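The next part holds the structures, each set out as C-alpha cells.
Each of the two complexes below includes subunit A, the first together with subunit B, the second together with subunit C.
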Partner chain A sequence: MNSRTLALISREALTLLVSAIIGSLVVFGLLRMLGGDVALMILGQEAAPEAAEALREELGLNRPWYVQYFAWIGGFLTGDLGRSYSGGYDIFEQIVVRFGPTSLLAFGSLFVSIAIAIVVGTYSALHNKDWTGAAVDVAAQLGIAIPNFWAGLMLVYVFAVLLGWFPAGGYVPLLQDPGGSLHSLVLPIVALSLSSAAVKTRFVRSAMLDVMDEDYIKTAMAKGRTFRSAVITHGLRNASIPVLTISALQLGSLLAGALVIENVFVIPGLGRLLLVAVNGREVMVVQSVAFVILMIILVMNFVMDVAYGLLDPRIADKKAAGHG
Partner chain B sequence: MTISRSRRPKFLMRTVGALVAAVTVGGAALAETKTDLVWSHPQEPPNWNFLQTGATALTAPTLNNVIEGLVERLGDGSVAPLLAESWEISDDGLAYTFHLRYAKFHDGSDLDAGDVVYSILKNKDAGQSFIKVPLVPVEAVEAIDDSTVKITLSAPSQRLLGELGVTSGIIVPEGFYEEHDAASEMIGTGPYVFGEYRPDVHLILNRFDEYWGDLPYFEKITHRFIPDETAAINALLAGEIDMVASIFGEGLDRVASVAGSDEFKAVVPAPDPVNWVFLSTQVEALKDIRVRQAIAHAINRDDILAAGQSGYGETICQHVIPFTEPWNNGYCPYEYDPEKSRALLKEAGYENLTLDFPYLTIAEFPVIKDILEVQMADVGITLETRGLDLATWLERAFRNGEYEFSNITGVANAQSFICGGGREPFGMDHSELCLEEFDELVRTSDTILDRDAYLEAMAEMVKVLADSAWVIDIHAKSTPTLAREELVGHKGYRYRAQMDARKLRWAE
Partner chain C sequence: MAETQTATSRSPGNGKTAARTRRRWPTSLVLGVILVGLVVGVALLSFFWTPYNPTAINVRARLSPPGTPGYPFGTDRVGRDLVTQLMVGARNSLYVSIVATFVSIIIGTAIGLFTAAAAPRWQSIVTRAVDVGVAIPGIIVALVIATALQPGNTASIVAIIIWFIPVAARVAIGPAKQVLTLDFVEAAYAYGRGKMFILFNHVLPNISSIVIVQASVMFAIGILAEAALSFIGIGAQPPTASWGRLLKEAQSLIDVSPSMMVFPGVAIMVAVLGFNLLGDGLRSYLDPRQVFRQGDA
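Then we have the complex of A and B:
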C-alpha cells in the first residue's frame, strides 16, 4: 500500500470517526429533548404515582445526561447496549435479529431498482423518438411522485386481497423458509424500489442518450454490430458509474423508506423496532438503532470515497489538496 | 440455446408465467388448519407482567384464556364461579371464604390455597391502581386448608367480589414472580398456554389439554400484532387472518363496508371504556361552576360519537365504567344546549374564554379535538390546541398538569377521582379536587351491606361527580371486531379488552 493510499484511507477514516461522534451526540441530544415519561408509558396511565417514580429510579432515568451518554457509548463499544426498559430484551440482540429483514428489504429494493432502471432506462433511450419512450418517461415521473406507502397499499389490495398471489403482510425468516421469505418480500420490495428505480431510470436514460451520438457507436456498427447492440454494450458501461453513485446515496432514503414499508407490511425489522421504541420513549433502543443506521450510511460513504480515490487518483489528489 | 424470433414472444410468456407460478406457489402458504385460529390486535404490551403493565393489550389475549381469577365477572355485573367453585360471605361482610376447584397450572402443579394466598397478596401490592385499589380493604388472606381460602376485610366491600372476577383476583403459582421472568412468561390455569412470543410478530396460545373445564374448540391461536388497522383488515380480506379485534382508529370507517359482505361480520361488544373531557382546577375561570356547566352544555355528544367512533358506542353523561353497571341510570345534568351555555358564560362574565387544550394525536382524539374546537367556538370559548404524542401527553398533561382542558379515554372508575387519588383532572399533585360530598360517598358506598342501598349510593356518587362538571363524560365506546362470518361464539361484552376464545368455533 503506497503512501497516497494510506493517506487517503487515514483521511476518510478520521472523517468517519468525527462524523460518528457528532452523530452520536446529535442522536442522544435530540432524544433527550423529545421528552415523554417512559415510566408512565410502561405502566400506563392508571399506575400508582409511587410505582412510576420507583420505576424511573430503577431505570436510571434520573441520572445526569452525561452519565447516561458515556454509559451508552461505552456499552456500544463493548457490544452491550443494555436492555429495553419495558420489554427487558437485549437491545443488541434485537438489532441483530431485525437487521436481517430490513437489509433484505433495503438491499433487495436497491438491486431491484437497479435492474428496473437499466431495463426501462435503456428502453426509453432507444425509443426516445416514439410514444413508448415518452410513456416510460411519464411513468418514471409518476414513480418519483407516488409515495411508497401508497404504492404498498395499492399493491396489497390488488395482488394480495383481489388476486391472492402474495401475502398481505408478515415476514417469514429467510433461514426458516427461503422461498416463503422471498415470497413475502415481493410486494414490499416492489413498493420500496419504485421511487428509487424511477430516479435511476432517468440517469440511465440520460447516459444512454449521450452515448447514442458518440463516434465509437458508428465504429462499432461498422464492425458489424447493430445500433441497438452497440448502444447497449457501450452505453451501459457509461451509465453504471452514476447509477452506482446514486445507489449509494439512495441507501439512506431506502432505509428510511423501509421504516414505513415495514409498518404497512408488518415486517419485524429495524424500522418497526424504531417506531415502537419512539412511541414508547425507549431512548436506549431508539438511539442505538438510529446510530446503527447512521453508521451503515457513514461506512458506505467511507467505502465509496476510498473506492473512488483508488479508481481515480486525481480524486484522491484533489481531496488531499483540500478541493473536495 | 438459440430461439428463433418467431418463437421468442411465446417463450418469453411461458418463462414469465413459470416465474410467477414459482413465486406464488413456491413460498410457504399461511393457510391454517381448521382447528387453528389467527387473529390480530393493534397493540402489543410493553411486557407481560400484568402487575406492572396497565395496557389492555396484555389482557386482550390472556384474560380468561391463559390466566384466570377466583371468580368470573359476567356482562350484567354478576359473578360466576371460576377457580372458586363456591364461596360464603359473612353477615357482616368482613369475611369471604372461597372453596377452590381442582385445577392445574400450565407448569403441571395443582392449584391450592397457597397459590391463592400468594397471588392475592401480590395483587394487593401491584403497581396498577385498578388491581390494588379494590384490595385495599383486604386485611388478611389465609389458607384454611388446601382448597379453602379465607379473605378478611377491614371494612365491607361491595365491589370486591366483582373485581376478583377481573384482574384483582388473577391466580398464579406460588413463587411465580420470584422464579420466573413475569415480563416474558405467564403461567395460569386457563384453557390456553402462553406459548411462543416473538416481539412485534405474534404470541402463540396452545390449548391446554389438562384444563379443568370444557376444552375450547381451537387447538392453537396465533395472536398477531398488527398495529396498522388497514394492514390488518387487508390481511382479513386476503384470508390470512380470521379476526381483527379492537378496531378503534382509521379502520372504523371500513367496518360497515367489510361487514356488509357475506364473508365477514362485525361483532360489537357492549361499551367498556369511556371518553371524557376534564378541566383544570388551577384555572380561575373554571372554578366558577357556571363556566364548567357552560362547557358541558356546549358539547354535542352525538356528533362526537358519530365522528370519533363512527357511532360505535353510546353517549353517556356520567362516569360509569363499565357501562353496564346497574347504577348507570341515564342521568344527564347537562344536555347539549348552546344557548344555555352562552347565557351561563355571560352571567359568569367569561364571554371570551381561552383554554389551553393539549390533545393526543392518536386514534380518535384528533377528530374529537376538531369537533370540540368547533362546539366551544360556537359558544365563545377558544380552545388553543396542541397535539402531543402519548408519551409527551402523559408527562406534561397527566403528570405535570400542563393543561386547562383535555380529553381522554380510559377505564378509570369514578372512585379514583377521590381527593388525593392522583387522577386527572387532578394531574397528580398540582390540581387536587376535593368534593366533600363525593369523597364521602366514595369512602362509604363500598361498605354498604344492603345491595339496594349500595346501588343507590353509587348512583348518587356518580351523579355528584357529573353535577360538578369537572369531569364531563361524552361516550362509552365499543371497539368492534371484524371476523369471518362462520366464526361464532363471540362474547357480547369484554372486560379489559379481553378476546375470550373459550366458546369460539367454526359454525357447523
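Then we have the complex of A and C:
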C-alpha cells in the first residue's frame, strides 16, 4: 500500500467519521426537538407526573442531553442499547437479528437490478435500435413511477394468489433452509428491483451505443472479434463506472424500499421492527435502527469513494484539491 | 430522476432539426402537462362534486366489483364508492406533495444561495451536512418524525420537507457558485450592489430553471412518498382518503376483491409519471443547451 492509497483511505475515513457524527446528532436531535419530552412521548401527553418522572429515572432521561447521547453511541460499541420499553426485547440483539432479512432484500435487489439492466440494456442496444430505445425509455419512466409496494401487491396477486408459484408472504431464514428462503424472497426482490433496474438499463444501453462508433471496435474486429462480442466487452467496461455509481446512490432507496416491502410480504426485518417501534413510541429503538441504516449507507459510500480513488486517480486528486 | 438525463438520444438528424423546433414543446412536456392537468383537474373537481359523499357508507353495496351500476370502479369493504375515494385521494396526494415541495424548495434554495456566497470554510461544513442529509432515506426521516409527532398528514409533510431540504440545497449550491464567478456579478459588485441583492436579483433568476425542474421532480417523489407513508400506516389516517391508504386496505382483501388495489396504484402511477415527464420536458424546454435532447420520449 503506497502513501497515496493510505492518504486516500484516511481522508475518506475522516469524511465517514464526520458524516456519522452529523447523522447521529440529527437523528438524536430531531426526535427530541420535534417530540419534546421522551417520557411523555412514550406514556402519552396526559401521563401522571410521577409516572413520567419514574420512567425518566428508569431510562436515564434526567441526565443532560450530551450524557444521553454519548451513552447511546457507547451502547453501539458495547452491544448494549438497553431493553425495549413495551416489547421487553434486547434492542441491540433484535437489530442484529432483523438486519439479515432487510440486507438480503436490499442487496439481493441491488444485484438483481444490475443483472436485469445489463441483459436488457445490452439486448436493446444490439437489436432493433429504432424501437427498443423508445421502449427502454418508456419502461424506465414507468419503472420510476410505479410504487414498489404496489408492484409487490400485483406480483402477490398474480404469482401467489392466481398461480400459486410463490408464497404470498413470510420469511424462511437463509441458513435454516436456503432453497425455501430464496423461494420466499423472489417476489419481494423482484418488486424492489424493478425501478432501480429501469434507471440502470438506460445507462447500460447508452454506454453500449457510445462504444459502437469507436475506432477500437474496428480494431477488435480487425483482430478477428465479432462486432457483437467487441461491443459487449468494451461496452460493459464502459458502463461499469456509471452503473456502480448509480448502484451506490440507489442503495439508500433500496434499503428504504425494503422497509416498506417488508410490510407487503410480512418479512421480519428492520422495517417491521421500526414500524412497531414507531407505533409504540419506542424512541430508543427508532433512533438506533435509523442510525444503523444511515451507517450502512455511509459505509457503502466510503467504500465506493475509496474504490473510485483507486480506479481513477484523477477523481482522488480532484477531491484532494478541495472539491469535497 | 436526475440521473436519467444523461441517457442520450441517438436518433439521427436531431441536430439539424433542433433550430427549427426550438420553440416547440417537447413530447414529454406535452404528455406531462396532460397527465398533471388530469390529476389536478380531478382533485379540484372533488371539492365541488364527487359521485357520492366521500364518507357515505352503503353496507348493502359492500365489495361491489367494478362495473356495478352506480359504482363503475366498485366499492370497498363498507360500501364506499371507489371513484369518490380516488378523487378525494388525488386532493390529499397533491396537498401533501405540493406543500412539502414548496416549503423545502424555498428553504433549500435559500440555503444553497447563502452557502454559495459564504466563506470556503462554511461552504465545506454546509456541503458535508447537506451530503449526509441527502444520504438519509426519506422513509427513515418519516419514521423518526412519526415517532415524535402523531401519525398523519402533518407527519408526512414535515418528514418530506426535512428529507427534501438537503436535496434542494445541493441542487442549488453548484449552479449558484458557477453564476457567482460570472463577469456580470463582478460588475454588480463594482456598481455597489450588496451581496443579498446580487444573490436574489442576479443569481436566483439564473438558476431558476434548475429549481423549477427540481420542484417538478420533487412533486413526483412527494406523491410516491405520501403513498408509501400512508400505506405503512404513518401517513394519512382514516377517514382521510389517500391512495396509499386505499392500497393498505386493499392488501387484506387481495384474494376477495383484487380490483380494489388496481385503481389506486394506477392513479399513483399516472400522477408520478405526469410530474416526472413535466420535469423532463421542462428541462429540455428551459435549457437551450439541452435542446438536442428533444427527441427523447
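We take it that the second predicted complex is superposed on the first by the 282 of 324 C-alpha atoms of A that agree within 3 Å, B and C clash if a C-alpha of one lies under 4 Å from a C-alpha of the other, contacts with A are read in each partner's own complex, and residues count from 1 in each chain.
Assume a contact is a pair of C-beta atoms (placed from the backbone, for glycine too) under 8 Å apart; a residue touches a chain by one contact, two chains touch by 3 or more.
Here the structure is a predicted model, which means the values were calculated and not measured.
*Asks:* Touching A:Arg281 in the superposition: subunit B (first), subunit C (second), both, neither?
*Replies:* Both subunit B and subunit C are touched by A:Arg281.
*Asks:* Under the stated touch criterion, which partner chain does A:Val161 make contact with: subunit B (first), subunit C (second), both, or neither?
*Replies:* It touches subunit B and subunit C both.
*Asks:* After superposition on the shared chain, which partner residues are touched by A:His183: those of subunit B (first), subunit C (second), both, or neither?
*Replies:* Touch status of A:His183: first partner only.
*Asks:* Kindly classify A:Leu273 by the partners it touches after superposition: subunit B alone (first), subunit C alone (second), both, or neither?
*Replies:* first
*Asks:* Should A:Leu298 be classified as contacting the first partner (subunit B), the second (subunit C), both, or neither?
*Replies:* A:Leu298 sits against subunit C, while subunit B stays out of touch.
*Asks:* Regarding the shared-chain residue A:Ser103, is it in contact with subunit B (first), subunit C (second), both, or neither?
*Replies:* It touches nothing on subunit B or subunit C.
*Asks:* State whether A:Ser240 touches subunit B only (first), subunit C only (second), both chains, or neither.
*Replies:* The answer is neither, since A:Ser240 touches no partner chain.
*Asks:* Looking at A:Gln141, would you say it contacts subunit B, subunit C, both, or neither? Reply first, second, both or neither.
*Replies:* Only subunit C; A:Gln141 stays clear of subunit B.
*Asks:* Between subunit B and subunit C, which makes contact with more of the residues in subunit A?
*Replies:* Comparing touch counts on subunit A for subunit B and subunit C gives C.
*Asks:* Return first, second, both or neither, reflecting whether A:Val172 touches subunit B, subunit C, both chains, or no partner chain.
*Replies:* Only subunit B is touched by A:Val172; subunit C is not.
*Asks:* With the touch criterion stated at the top, can you tell me which subunit A residues are shared between the subunit B interface and the subunit C interface?
*Replies:* In subunit A, positions 34-36, 41, 153, 156-157, 161, 168, 263-264, 279, 281 sit in both the subunit B and subunit C interfaces.
*Asks:* Please name which positions on subunit C make contact with subunit A in the complex.
*Replies:* Touch list, subunit C to subunit A: 1, 3-4, 6-11, 120, 123-124, 127-129, 131-133, 135-141, 143-149, 151, 158, 162, 220, 224, 227-228, 231-234, 247, 250-251, 254-255, 258, 261-262, 264-265, 268-270, 272-273, 276-277, 296-297.
*Asks:* Along subunit B, where are the residues that touch subunit A in the complex?
*Replies:* 20, 23-24, 26-28, 30, 44, 46-47, 52-55, 127-130, 132, 181, 183-184, 198-201, 224-228, 230-231, 234-235, 237-240, 389-392, 394-396, 398-399, 408, 410-412, 416, 422, 428
*Asks:* Could you please specify the touching residues of subunit A with respect to subunit B in the complex?
*Replies:* Of all residues in subunit A, those touching subunit B are 34-38, 40-49, 51-52, 54-55, 85-89, 94, 153, 156-157, 160-161, 164-172, 177, 179-184, 186, 263-266, 268, 272-273, 276, 279-281.
*Asks:* Which bits of subunit A are touching subunit C when the two form their complex?
*Replies:* 15, 18-19, 22-23, 26-27, 30-36, 41, 129, 133-134, 137-138, 140-142, 144-147, 149-150, 153-154, 156-157, 161, 168, 199, 202-203, 205-206, 209-210, 242, 246, 249, 252-253, 255-257, 259-260, 263-264, 271, 274-275, 277-279, 281-283, 286-287, 290, 293-294, 297-298, 301, 322, 324
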